[in-house]
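Same chain, two partners: chain A is paired with chain B first, then with chain C.
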Partner chain A sequence: MLTVKTKRLESARTLSAAIRKIYQEVWTSRPLAWSVNSSNPLNDISRILGIHVAYPENYACVCTAQHLSGKYCTIAEAHNYKPELCSYIRNNFGYLLAKDGNHPMGGIPEPDVLLSVSNGCLNFIKWFDALRLYFDKPLVLLNTPHRLFEYDVPGYYLEYVIKELEICIDKLEKISGNKLTGRKMREAAYYSREQGKYWRKLLELNKTVPAPMNLSDLANLIFIPTSLSGTAFGLDLLKEAAAEVQQRVRNKVGAIPEERHRLVMFNIPPWYRLDFVNRFAERGCVFPFGDYLRYVWCTQDIDDSDPMEHFARKALSFGHNGGYGATIAETLYSCMGDRLAKDIKDFKIDGAVIAINKSCKIMSTGGLDIARLIREKFRLPVLVIDVDQADERTYSDAEIKQRYDAFFETIGEA
Partner chain B sequence: MTAIKKISQIAGDIRAYLINAHQKSGKKFLGVMHPVVPQELLYAAGLHPFRLFPFAGEPITAARAHLHVDTSSIFRAIWDQVLKGHYPFMEGVVLPESCETVTYFARGWMYHRPDDFVATIAGVRFSKTPNGLNFFSKELESLAGTVEKFFGTTISADSLSHAIGVYNKNRELIRAVYDLRKSESPPISGVDALKTVMVSHVMDKEENNQLLETLLKELKSPGERPKPKTRLMVSGPCITDIRLLETLEASGAIVVTDDTNMGSRSFSHTVDNGHNQFMALAKAYEMVPCPFSISAENRLAYIIKMAAEYRVDGLVFAIEKACESEKMDFPYLEKEIRTKARLPVTFIETEYLCDMAPIRTRIDAFVESLMK
Partner chain C sequence: MALFAGVDSGSTSTKAVLLDEGGIIIGTHLVPSGNNFRKSAEVVLHTVMDKTHSKRDDLAAIVTTGYGRFISGLNSKAMSEITCCGRGAHYLHSAVRTVIDIGGQDSKAIKIDGTGKVVQFSLNDKCAAGTGRFLERIAVSLELDLERMAGLSVQSQQKLPISSTCVVFAETEVISRISNGEAIEGIIKGLHSALASRIHILAVGLNIEKDILVCGGGAKNAGLVKEIEELLGEVVLPSGIDPRFVPSIGAALIARDSQREQVESKPGESQ
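Showing the complex of A and B:
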C-alpha cells in the first residue's frame, strides 16, 4: 500500500476535465480527423478550418490507464496485428475490432479524415496508412524527412515541407469546405510559439529544489503542446499551470513530501502503472524531467512572423539536436553530449531510470548507451527496466519490484 | 567452373570474398542498407558499395550492449560483426531513412565509430508529389557532395552516366534470370537465385555483369529440368538466410520469385541515363517497393502482379521478428491476397540464426495443402 502521493497540480485537474470534455465533444463534432500526437502542423491547421481532431495514440493511453489495453492488444493480435507492433497500434485496432462496445469515455467516433506526419516513428505513416484502408477515408500526410548530422534545417528541406504543407492545406480546405485565412494562421502560429515558451518555462521551474512537479504532472501537461497546439485554449491552460508552479516555487512546495533524490526518466512510462512515480516518491525520489518531455517537444523557440515557415520548421525541428532542433530520430544520441551534462547539473540529477520499451524503437534505440554513459561518465546510479508503455500483459510486478528494490538499495533507500 | 558454381563458392564465404576483392581492387568499400540507396552515386565516386548483411552462423554477442533485443536481429547481427572487426575493409556506411532500427541507429553508428563515413538520406515516404521528387533529387545531390568531400573525389557527369549504365545492366541481367523462373520448369532453384542476388549485392558490378551473362547462357542451355509440384513466392524484408530457402524447397516446392529487400525490390527499377541524372535517380528510387517507402496498397498491386506473372501457387510471408513496417502491412496484405488474388498465404517469423525446425513443420503443412 503506497502512502506517499505526488502532490497533484490543481491545473492538472483542470486539464483532465478539459480532456474529458474534448472526448465528449468529438461525438457531436464533424468533420472529425484522427491524428498523431506529434509536432504535426496539420492538427493546428485543421482546427482553424473547423475540423475536430482526436488522437488514437492518446486514447490508447486512456485505455491503458484503465487496464484495457491488454484486452485490446489480444483482440488485435487475433486479427494478425503481431505482438511486435507498437502496443498503441494494437490497442487501437483491438478497440476498433472489439465487439462489446463498452469503451473508456465512450470511445472515439470514426474519422472523416486521417492526418499524419512522418517526423516521428515510421508507425505514424504505416499505422495511418492501415487506418486509411480500414476506414476507406482520405489520409492527408505531411512528409517531413528525417535530417541527421546537420544542425540547421537545409533550405531545400524547408522549401519542400512548406510546399507539401500547401498541398495538404488544399486537401483540408476541400474536406472542411472552409478557407484558411492569414489572420487565423498567424494566430495559430503565435499560440504555437507561445505554448513552446511556456512549456520550456515549466521545465525551467522544475530545476528548483524541491521540484514543484513530478513526472506525472509533466506527462499530463505535455498533452497541451502535442494535442492542443496552436490554440488559445491550450495556451491558457499552460499559463495557468505555469502560474501555479511559480507559486509552488515561491513557497518552496515540492511535488513530493520529502525530496532526497532527483532522477531523470528515459522513455515513455508504463501508463498502466502510473503509481510507479509514487513508489519512487515513497523513497524520496522525484523526477524533475524525462527525455521525451525535455528533448522531444518544443525544444527551441521558432519565429512565428511567417506562419507557414513556423509550422514547417516546427515539424522539421521539434526535437533536440545540439540546440538546433531535429526530428525525433536522433534525439537520444544527440542529447548525449553537452546537453545531457548540462541538464544533469542544472536539474541536480543524481540517478536515472531508463526504460527499454519493446513497443517504441525510436525511444529505445540508444537507451543502453545512455545507461552506460550516465553510469560511467557521470558516475550516477542507473536502473534499466524492460517495460512496454501500453501492453500490460508483458509486465511482471514481482520482477520489476526486485529491480526497484535493488536500485533503492544502491541509493541508500532500501 | 560454371557460373553457378562460382556464385555458390562466393556465397559460401562472402566475407573472404570481400576481403580478397578489397585487397585486389585497392578501392574504398562502403556498406549500404536497403534498396533505396542509389549506389550508382558511390560507384561513380570510385568506391565499391556493397549491401550489408550478416555473415552466416555467428551468434550475436557484442551488439547486445548497444542494441536491445527488440530491434532487428538482421541489423543487430551486422552491427555485432562490425564490432568484432569482421569488416576490416569497410570505410563507412550509408544508412537511409528506412526501417526503424536502421533509421534510429544511424546516429548510434556515428557515436560508436566516429571515424567511419556515415551518411544518411531522407526518403520521400508515401507522398510522391513532384515537389517530393524535386526534394529527393536535391537530397541525392547533397549525398554526392558529402561523398566527394569526405573521400576527396569527384563525381563527374560521365562517371555517373557510366555507373548508371553498369547498374542498369546489372538489374536487367538479374531480371532476365528471374524471367527464366516464369517457365514451367525453372532452370534455377530459389536457393541458387538467392545466392545469385546475394553475390550481386557484394561483387563489383561490372565483374558481376560478366558472371551473370555467363550464368544466363548456362541457364538457357537445354537440359532436363523437372516440373515443380508447387510454385512459391516469398515476401519479406532482408532475407539473407540461405537455410530459409533450403527449408522451403526441401518441402518439394520451388521458390520462383520474391518480394524482398535483397531480391526483386532491389532490381525492379531502371534509371533513365539522360541529362538530369539526379532527377533520374530520384524518379527510379522513390518507387522502390519497400514498406517504409510505399503504401500497403501499392505493395499489394506489386505482389499480385508478380504472383500472376510467375504463376505462383502460394505465398509465404517470411518476416523478421522485429520488422515493424513489414508487420504493419501484413494484416491488410494477407486478407487482400487471399480474397482478391485467391492465393493461399502463410506467415513465418524469422530471426537471424533462428531455429528452422518449426518453420519446416509449418512449410511442410502449407505445401501439402497446396498440393491437394
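Showing the complex of A and C:
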C-alpha cells in the first residue's frame, strides 16, 4: 500500500482538463491531421492553416495509462504487427483494429492527412506510411537529415530542410485551402520560442532543493511544448505551470514530503506504471530530471527572427539538444559525459534509474554504457530495469520489486 | 539463548539458516518451495528448529528473503536477496568483493565492499537463458540430472557452441545436434559455456573486483563453474556449506543486526 505520493501540481490538473477537451474537440474539427510530436514543425504550421492535429503516439500513452496496452498490442500482433515493433505502433494499430469501439476518451477520429518527420525515430516513417495505406490518405513527410555528432547545424542541412518545409507547406495549403501568411508564421514561431523559454525555466526551477516537481509532473507537462507547440494556448498553460512552480520554490515546497535522494531517470517511463515515482517517494527519492526530457526541441533557445529558419532548426534539433543515448561510444564518453556531469551537478543528482526499453531502440542504445559511466566516473548507485514504455504484458512486478528493494537497501532506505 | 533465522523463499527451494548470538551457524535446512511459499517457509523453519533442538521462544528475530519474502507468513522483516547475498558472502569469505549468484529464477552479479554492503548489482534480463532454469529445462530434454550433466561437461574435451540465447530455441538446437550424432558431453559443455557468457556480461558491466564467490544452485555445477572461471578467472565457492544457503546466512545476520540495533536504541528496556 503506497502512502506517500507526489504532490501534484494544480496546473497539471488544468492541463489534464485541457487534454480531455482537445480530444473531444477533434471530433468536430476538420480537416484533421494525425501527426508525430517530436520537434515536428508541420504541427505548428498546420494549425496556422486551420488543420487540426491529433497524435496517435500521445493517444497510445493515454490507452497505456488506462491499462489497455495488453489488449491493443495483442490485437495488433494477431494482425501480424510483430512484438519487436515499438509498442506505440502496436497500441495504435490495436486501437484501429479493435472491434468493440469502447476506447478511452472516445478514441480519435480518422484523419484527412498524415504528417510525419524523419528527424529522430525511424518508426515514424514506416508507421505513418502504414497509416497512409490503412486510411488511403496523403502523407506529408518532412525529410530531415539525422544529426549524430556534436556540432552546429551545417548550412547545407538548413537549406535542405527549409526547401523541404516549402514543399510540405505547399501540400498543406492545398489540403487546407488556406494560404500561409507571414504574420501568422511569425506569431507561431514566437509562441514556439517562448514555450521553449518557459520549459527551460521549469527545468531550471527543478534544480532547487527540494525539487518542486517530480518526473510524473514533467512527463505530463511535456505534452505542452511537444503537442501544443506554436500556440498561445500552450504558452499560457506553461506560464501557469511556471508560476505555480516558482511559488513552490519560494515557499520551499517539494514535490514529495521528505526529499533525501535526487535521482535521474533514463529512457521513456512505463506509462502504465507512472506511479512508480510514488514507490520511490516513499523512500525519500525524487526525480528532478530525466533524459527523456532532453529529447525535445525546447531545451535550447532557437531564434525566431526568421520563422522558416526557426522551424527548420526546430526539426533538426530533435534528440540532439542534449540527449545522452543514441550516440556512439566515443561521443558517449566525451561530450555526453560532460553534459551528464553538468546535469548531475546542476540537478544535485545522487543516483540513477536506467530503463532498458525494447520498444525504443534509440533511447535504449547506450543505456548500459551510461550505467557504467555513472557508476565508474560519478560513483553513484544505478538501478537498471527492463520495462517497456507501452506494453504492460512485459512487466513483471515481482522482478521489478526485487530490483527496487535492492536499490533502496543499497542507498540506505531499506 | 537468543537465536536468529534467515529464511530464503526461492523459486525452486526454501532455505533456512539458524544463527546464535555469536554469529555461529547452528543449523540449516532446505525444502522444495512447491506452490505454497507460506507452508514451505513454516516447514523449513520448524525443521531447522527441531534439528537443532531449539525452542521457538528463543527465536529473537527472523529475516525473510527471496521471491516469497513477503508471503512467508512469518513474523519477520523482508530484505532483498541481493543485500542478503552480499552479507552472506562476506560472512563466509571476507576477501570477497564480487558475488555471482545463479538461482533458478535469476542470476545476479553483486559488487560488495569490505563489510559485505552492496555497492552495485546487476541482474539478468527477463529471458530465462541466464538462469538455472535454462539448465533444468535442458536436463529434462536430455533425460539427465544436473549432477550428471556437470560431470559430463567437466570430462569433455570438446565444446560445441550453442548459438541461441533463448532457452526454447537452445533446446531445439540441442535436439538437432543430438539427432546429428554429436557428442552429448560437448553439447553440455557448450550449454554451460552459453550460460557462463550471459553471467559474464552481467559481471563485466560492474567492473568487478576479486575475490569472486559463486553461489546459488549454479555453484553446485562444476561444469558451469569451470566455464565461468574461463571467462572471469579463478572463483571461490562457499566452503563447508551448500552454496544455496548464502542469502539465508545473510538474512540471519541482518536479523541479528536488527535485534542489536533495537537493543542499543532502547537501553532502558534491555535491562
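The definition used in the following text is that the second predicted complex is superposed on the first by the 392 of 414 C-alpha atoms of A that agree within 3 Å, B and C clash if a C-alpha of one lies under 4 Å from a C-alpha of the other, contacts with A are read in each partner's own complex, and residues count from 1 in each chain.
Everything that follows uses one rule, which is that a contact is a pair of C-beta atoms (placed from the backbone, for glycine too) under 8 Å apart; a residue touches a chain by one contact, two chains touch by 3 or more.
Keep in mind the model is a prediction, meaning the values are calculated, not measured.
A.B. asks: Once both complexes are superposed via chain A, do chain B and chain C end up clashing or fitting?
C.D. replies: Superposition result for chain B and chain C: fit.
A.B. asks: Looking only at chain A, is it chain B or chain C that touches more of its residues?
C.D. replies: B
A.B. asks: May I ask you to decide whether A:Arg372 touches chain B, chain C, both, or neither, giving the answer as first, second, both or neither?
C.D. replies: Touch partners of A:Arg372: chain B and chain C.
A.B. asks: Between chain B (first) and chain C (second), which does A:Glu259 come into contact with in this model arrangement: first, second, both, or neither?
C.D. replies: neither
A.B. asks: Who does A:Pro381 touch here: chain B (first), chain C (second), both, or neither?
C.D. replies: A:Pro381: touches chain C, not chain B.
A.B. asks: Give one of first, second, both or neither to describe whether A:Ile356 is in contact with chain B, with chain C, with both, or with none.
C.D. replies: Touch status of A:Ile356: both partners.
A.B. asks: Applying the touch criterion given at the start, work out whether A:Glu164 contacts chain B, chain C, both or neither, answering first, second, both or neither.
C.D. replies: First partner only, chain B.
A.B. asks: First (chain B), second (chain C), both or neither: which does A:Asp306 touch?
C.D. replies: Touch status of A:Asp306: no partner.
A.B. asks: May I ask you to decide whether A:Thr410 touches chain B, chain C, both, or neither, giving the answer as first, second, both or neither?
C.D. replies: In the superposition, A:Thr410 contacts chain C only.
A.B. asks: According to the stated criteria, A:Glu194 is in contact with first (chain B), second (chain C), both, or neither; which is it?
C.D. replies: A:Glu194: touches no partner chain.
A.B. asks: Using the superposition on chain A described above, determine whether A:Gln402 touches chain B (first), chain C (second), both, or neither.
C.D. replies: Touch status of A:Gln402: second partner only.
A.B. asks: Taking the superposition as given, tell me the minimum C-alpha spacing from chain B to chain C, whole angstrom.
C.D. replies: 5
A.B. asks: Under the contact definition given at the top, report the residues of chain A touching chain B in one complex and chain C in the other.
C.D. replies: Common interface on chain A, chain B vs chain C: 356, 368, 372.
A.B. asks: State the interface residues of chain A toward chain B in the complex, per the touch definition above.
C.D. replies: 79-82, 84-86, 89, 93, 118, 121-123, 125-127, 129-130, 133, 141-143, 145-149, 154, 156-157, 159-160, 163-164, 167, 329-330, 332-334, 336, 356, 358, 361-362, 364-369, 372
A.B. asks: Considering the complex alone, what residue numbers of chain B touch chain A?
C.D. replies: 65-68, 70-71, 97, 99-101, 103-108, 110-112, 118, 120, 122-127, 129, 131-132, 134-135, 138-139, 142, 291-292, 295-297, 321-322, 324-325, 327-332, 334-335, 347, 349
A.B. asks: Quick one: in the complex, what on chain C touches chain A?
C.D. replies: Per the touch definition, chain C meets chain A at residues 67, 78-83, 106, 117-123, 125-126, 205-207.
A.B. asks: In the complex of these two chains, what residues of chain A are touching chain C?
C.D. replies: Residues 356, 368, 371-372, 375-376, 381-382, 384, 386, 394, 396, 398-399, 402-403, 405-406, 409-410, 414 of chain A touch chain C in their complex.
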